[in-house]
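Structures are listed in the sections that come next.
Each of the next two complexes has chain A plus one other chain: chain B in the first, chain C in the second.
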Partner chain A sequence: MKRWIKKAWPYWAGGLLLGGLNVLLLSLSGQAWQVSGGYLLWGAGILQKLGVPALTWDYFEVYNTRYRQIIADDSVFLNQYTILNLGVVAGALLATLVSSQFKWKKVKNKKQVAFALLGGILMGYGSRLAGGCNIGGFFSGLASFSLHAWVFWLFVAVGAFVGTRLLLRFLVR
Partner chain B sequence: MEIKDLDCLYEACPIPLIRAIQALRTMQTGDILVVHSDESCAAVMMQEWAQQNGYSIRVTESDVGEWEIYLQKP
Partner chain C sequence: MPSQEMDKLLAQRQNVRQQNKKSQTPYAVGLLVFLIAVGGLLWTKDIYYPIFWGVGAALGYVLRSSRFCFVAAFRDPILLKNTKLMRAMILALAVSSTGFLLVQQHYLAQHPGADAGQLPGILNPVGLHTVIGAFLFGIGMVLAGGCASGVLMRIGEGHMLPWVTLLGFLIGTTWGAKDYPVWYHWLMEKAQTIYLPDVFGTAAAFVLQMGALAVLYTLAAWYQKKHSKDNKQENAHGN
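Take a look at the complex of A and B:
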């Protein structure tokens, strides 16, 4: 039991579990798992509160219309995506706590901060242009037999190649 | 026989493994590299890498969420 909780699970076990849970989520809620859309709504909602009319931008009206109902209901901060995203954080926290590996991580140096910020912005912006992140766009898309997920995969591979080059060049001294 | 420490705390995977490989390149047979990391995946990756490359490896959890990974050059 201790070994089972302490040790990292193999990729196939995690994959099977994620796949099974996604099927369960789809059958119970009618919607496959998505992650970055929830943060998009938070970001747009915060901008709106600061006086920037982000929720009426063309992005939601013309390009990505699936969040229209949530915006119309005035529930950008509290919706199904928020619950799923909080669940991810709570689940990860639970996993580190039961394996007693919880630890506050420090920042190593300024370069690490700069790269983390830059990487986060690029990933977030890219996921919005692609209409989904590696969960909604790839993981759930692939399970739906959608062609777009394969195109997504191809370009993730290109991005990973370039990212590895940058990592070796700038982050490993 | 030389013992060398490599501080990889707060560094995300796969950086600890890459830095360990770089450090081991400059070391002699029998030398021991001690990698300090707070990423559980660093130990997993290094165990796999050590097995593939014939290195002896020992992993201890030195603190809560912190590991010391001992690698001996064959």
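Take a look at the complex of A and C:
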């Protein structure tokens, strides 16, 4: 009994469930799964606290109407996007505990930290240009029949190819 | 590397944390109670919040339980010649495309003539900015070893490194928002949001998208099979 609970579910089952949950979220809330929008609100909210008026940038004022209400309500840190993200963390933690596999995992070396930081910055900047990350821009975008997600797919794959080359060159050797 | 060995390697990656013997079930029960309590608290603020909380938790649970990772889906075909996760992702896209189209059709029936940008789902303008953004994203996710969703999942597993990636992501995405007007005037202003059913008609767009996904699935399966065969031959000659 203990053994099966620790075993990873097959990828295809994970895929079917993730697809189904995204549909459930859209039909219940009217919004598709997305991650980087919540990150942006956190980032801009932190800057605002530090005295930089990030929430008045053109990005929030002119183009993206969906953040306007959140900023007006002063709920930059706690809103549907950030709650969704925190939910993902909580759910992953729950699954880890259910299988009794939780363990603090420390960072191995400085190189790893540098790559994580650089990779994060590249992803973050890219997500603003492409209008989302792997989840909002691609996974939910493609399901929404938006052409941009197909373009995203093609070029995220090209980027992954270049990234893999860089990784093999600088990290492994 | 032969395909059985590769499968073993992947299985190992999936089950790498099995050694930990001590039961954490009491913590799991405690956390579950806590999650439900938070859901109730959120409900008092906004009736929609518990939906985001609950579905978010379910997504996190599934991501972790199946060790799903969008970066690995894109990277493993290149690095390991393995397309298992890529094919699972294509399956997920087929399921969600079908469901999303139904939701959108329902919305259009209630709001006839709605603009593509107003439809339920995520519809963005497409153009050179998509190309540049996705390319940068692709490099970054491989270097960091996790994308936006993987970071959240690994934080939940107890990893420290994704906190660094998260910090980088916050810096990058905020930076991108600051630079937005520059890109907007250069590339995005004239870019169109293209809803495929507007171009091809609803039924044809659905058939086309499902057909494309099916072709990609078949290609991915063929690619893996071909490489495992090539490797077997190489090994036979090499030894």
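Some points to look at:
One rule holds for everything that comes next: the second predicted complex is superposed on the first by the 166 of 173 C-alpha atoms of A that agree within 3 Å, B and C clash if a C-alpha of one lies under 4 Å from a C-alpha of the other, contacts with A are read in each partner's own complex, and residues count from 1 in each chain.
Throughout what follows, a contact is a pair of C-beta atoms (placed from the backbone, for glycine too) under 8 Å apart; a residue touches a chain by one contact, two chains touch by 3 or more.
The structure displayed is predicted, hence computed values, not measured ones.
Superposition of the two complexes onto chain A shows a clash between chain B and chain C.
Contacts of A:T96 after superposition on the shared chain: both chain B and chain C are touched. With both structures placed on the common chain, the touch criterion links A:K105 to chain B and to chain C.
When the two complexes are overlaid on their common chain A, residue A:A8 makes contact with chain B and with chain C alike. Comparing chain B with chain C, the partner in contact with more residues of chain A is C.
Shared interface residues of chain A (contacting chain B in one complex, chain C in the other): 8, 96, 100-103, 105-107, 112, 167.
Within the complex formed with chain A, the residues of chain B that make contact are 9-11, 14-15, 18-19, 22, 38, 40-41, 44, 64-66.
Here chain A touches chain C in the complex through residues 6-36, 39-40, 42-44, 46-47, 54, 57-60, 62-63, 78, 80-81, 83-107, 112-113, 115-149, 151-164, 166-167, going by the rule given at the top. Interface of chain A with chain B (complex): residues 8, 96, 100-103, 105-108, 112, 167-168, 171-173.
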